[in-house]
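Letters A, B and C name the chains as they come in the text, with residue numbers starting at 1 for each one.
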Amino acid sequence: MKAYVKETLTGFYSLLAGLGVTIRYFVKPIVTVQYPREKIDMSPRYRGHTEFLLDPETGSHRCNACENCARTCPSGVITVTGVKVPGTKKKRAVTYVLDYSLCSLCGLCVEVCPTNALKFSNEYRLAGYSRQDMIIDVMARLKAQQRALGLPEEVPPAPEAEAPAPEAAKSGEAES
Amino acid sequence: MMLEKGLEERTFYLNLGPQHPSTHGVLRIVLEMDGEFIVTADPVIGYGHRAHEKMAELRTYQQYLPNMGRVDYLHALAYNQCYCMAVEKLAGITVPERAEFIRVITSELNRISSHLLWFGAYLLDLGAFTPFLYCFDDREQILDLLDRLTGSRLTYCFYRFGGVPVDIDDDFIAGCRAFSQRLRSRWDDYDNLVTKNVIFIHRTRDVGILPPEMALQYGVTGPTLRGSGIPYDIRKSEPFSVYPLFDFEIPIGERGDVMDRYLVRLQEMEQSLRIIEQALDKLPNGPIMAEKVPKRLKPPEGEVYTAVETARGEFGIYLVSKGDVKPYRVKLRVPCFSNLSVLPELIKDTMVADAVAILGSIDLVIPEIDR
Amino acid sequence: MQFFLAEGARLGLGLIGVISLVAVNALFLIWMERKVSAHIQLRPGPMEVGFHGALQTIADALKLIGKELITPEDVDKLIYLLAPIVMFLPVLVSFLVIPFSPTLLIRDLNVGVLLIFAFSTLTVLAILMAGWASNNKYSLLGAIRSVAQNVAYEIPLLLTAMSIILMAGSFQPSVIVSQQAKVWNIFVQPLAFLLFIICGTAETNRAPFDIPEAESELVAGFHTEYSGMRFAIFFLAEYTNMFIVSAVATIFFLGGWHGPFLPPVVWFLLKVYALIFLMMWFRWTFPRLRFDQLITFAWKILIPLALLNLIVTAFVLKLVR
């Protein structure tokens, strides 16, 4: 009988303690963010999809179309095409397309890049109405970025190359 | 429905899942019921099968890394670590000490976040909504910390063969310390709101008792096993990484009931905090990446097994190499598969409400069972 | 003739008033529930539609009205369709005898309290009908649980109510209220108040006693198979039931409309909503009891305590008078 009374009373007290906790939180300020109206800044290392790093020296990308990223990608997300820069043995990228719907954001492409041409974007609102919306043209993003900064758009694949470049660019587009 | 064969039909079948609020994923449990009581239970798995083991055979060692964040998405870093350890052992790569420390710190943070999520989701199973939001508030702090370091918030792919790709900075260290203080200040609230609550005690005490012998027979590991009083934790029994350098305890339960499993997990969070703090104190300087890790990794022929303690139990990788750029075979030993197998024994002759409480207490991640 | 006309007008007006009260009250309570739960959980709750989401429930109601009414194939159609109506009718009837103020009440029946208790029992029938007719195992389990629970909790509820009725010597709500002009019954009968609130929470199937619709076990319990407006009626009835239980508790223990400065109606509603807040506070704090524990709790703790309370009340009354 004594145990029964004690159990009932302690049980009742524990319920009150619980109520005490919730009422204390009831008057605390809220911690959530009203998403479309307020936004949280992504952390600097946030891994969005990849995009080209804008090289401050040249005002353009550094990609030499070695396709290391495309080869290392576990899901075959990346399609990159480049043309040979005349007079040198180097290549230069003309198209760089991501199929973001397959990407698992592992970041191996960024790490494997020999010229450090890639970085993660801070893009996190990536909803789309179709699969086509998930295909991201990294080169177009770079051009938009260049326009925004007032930098000259890089039309030819390399400064020296003039004649053979546009044809190669076309064939690159057709592939992608 | 149940009475179609007339009144003499005593039992009926109830499908718990594959889409049910408390299976936390696509698990189906076929319950044979006698009124509210469960006569037999038969888990049906495989709805979330993604062929992770087969995928390993088609990918290079590096390319398989992101898969390890997606087997058990709640404690992804432990899986990262286990896989990296396996490949490093095979290829004979030594990891610098600082990298090991960073691995331990992040993995333990991840363990806390996993336990916090379990705590909240478990209380949801028991019908209390509010603790879920409180621990998500806490968990969010861990995710922010790990986000700053690894770049992702859930399916981490952070460790590399030979170390970690980025170093931790002072902000991260300060953030970790602030977090451990914050979480410690919350224990009181959690205790008052949940642990001491008489309804919670009644729902969990002496429910779903798992005797130690049965746990061993079924190969149960993790907090579910330790709740039954067997202090088996890979971090202590087969120490890996730099865990031997730290002073921490293995919390165990006495009766093996749901309450004990709950308490073990709560105490493990506290122990993880201790490990993190010690690791931050002892953090050595030095490189974070082994010197010579080839980009095209070709480990020599051989086989290797490594195991780590995840938030749910022993996770092991058995890896066979034929000297190729791709693994010949990868076998994942996932803890939840064994832990689930004991469920039919536990929920026999209990009520539906208990079945939900027991199911939750095993802390299953269904995609991990299916792999 | 005159009498019938006057009474008819009174009843008609009352019915219109009650239906609008039920609708407005449910809209408000659903909004309140969401706000209370949100703030307990450190969230802001609905914020988009109207000032602080005040019109959110109206938007939701419109959505529910616009939804297709799905009748599953193998249901027992008649019972399936009747259940929401049976659920809702007794709720309306109970409003007939609730005294909002000395003047604002529809019928001052001398068996008003009995009427409320009698009709509120009918909700069990509705739940059983819904659960049985749905042809769904989860629904049926929910319905079975609900019947057992309501039968068990009816007893202590009535026993505690008896102790108040003993004190008042009347079944008439307005008499019970007017006797509390000086001292509210809660100060005389604190234990009875506590028991009444617990049983009332159980009667309305609110957490921690919400086992008939325990979503983590039975998906949605007895209303799993209901959609659209039919589901909304169950929802509406749940919130109106909360109002009725709180109103009865206010009449019994909190002195009904009594209170200084403010008009009686305002006092009455304030007390009712304070009690509803209490019930919401319960829901967002406690885990759910297991079915057998719920019954054990009723039979082993609530009923003995209620009986004890009744006996002590009777003794003291005998001594005092």
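We adopt the following convention: a residue touches a chain if its C-beta (ideal position, glycine included) is under 8 Å from a C-beta of that chain, and two chains touch if they have at least 3 such contacts.
Just so we're clear, the structure is a prediction, and the values are computed from it rather than from any experiment.
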Arrangement of touching chains [line / ring / star / complete / other]: complete
A-B compared against A-C, more contacting pairs: A-B
Farthest chain relative to chain B (centres taken as mean CA coordinates): C
Chain B and chain C, separation of their C-alpha mean positions in angstrom: 43
Distance from the mean Cα position of chain B to that of chain A, given in whole angstrom: 28
Whole-Å separation of chain centres (CA-atom averages), chain A against chain C: 53
Residues of chain B engaged with two or more neighbouring chains: 130, 134, 137, 193-194, 197, 199
Shared interface positions of chain A, touching two or more other chains: 15, 18, 21-22, 25, 31
Junction residues of chain C - those touching two or more other chains: 40-43, 284-286
In the complex with chain C, residue positions of chain A that touch it: 8, 15, 18-19, 21-23, 25-32, 34
Sites on chain A touched by chain B in the complex: 10-12, 14-15, 17-18, 20-22, 25, 31, 43-47, 72-74, 104-108, 111-112, 120
Of all residues in chain C, those that touch chain A in their complex: 36, 38-44, 47, 281-282, 284-286, 301
Interface residues, chain C side, partner chain B - complex: 37, 40-43, 74, 135-138, 140-141, 144-145, 207-208, 210-211, 214-219, 284-293
Of all residues in chain B, those that touch chain C in their complex: 1-2, 12, 14, 20-22, 35-36, 123-130, 133-134, 137, 193-194, 197, 199-200, 202-203, 351-354, 356
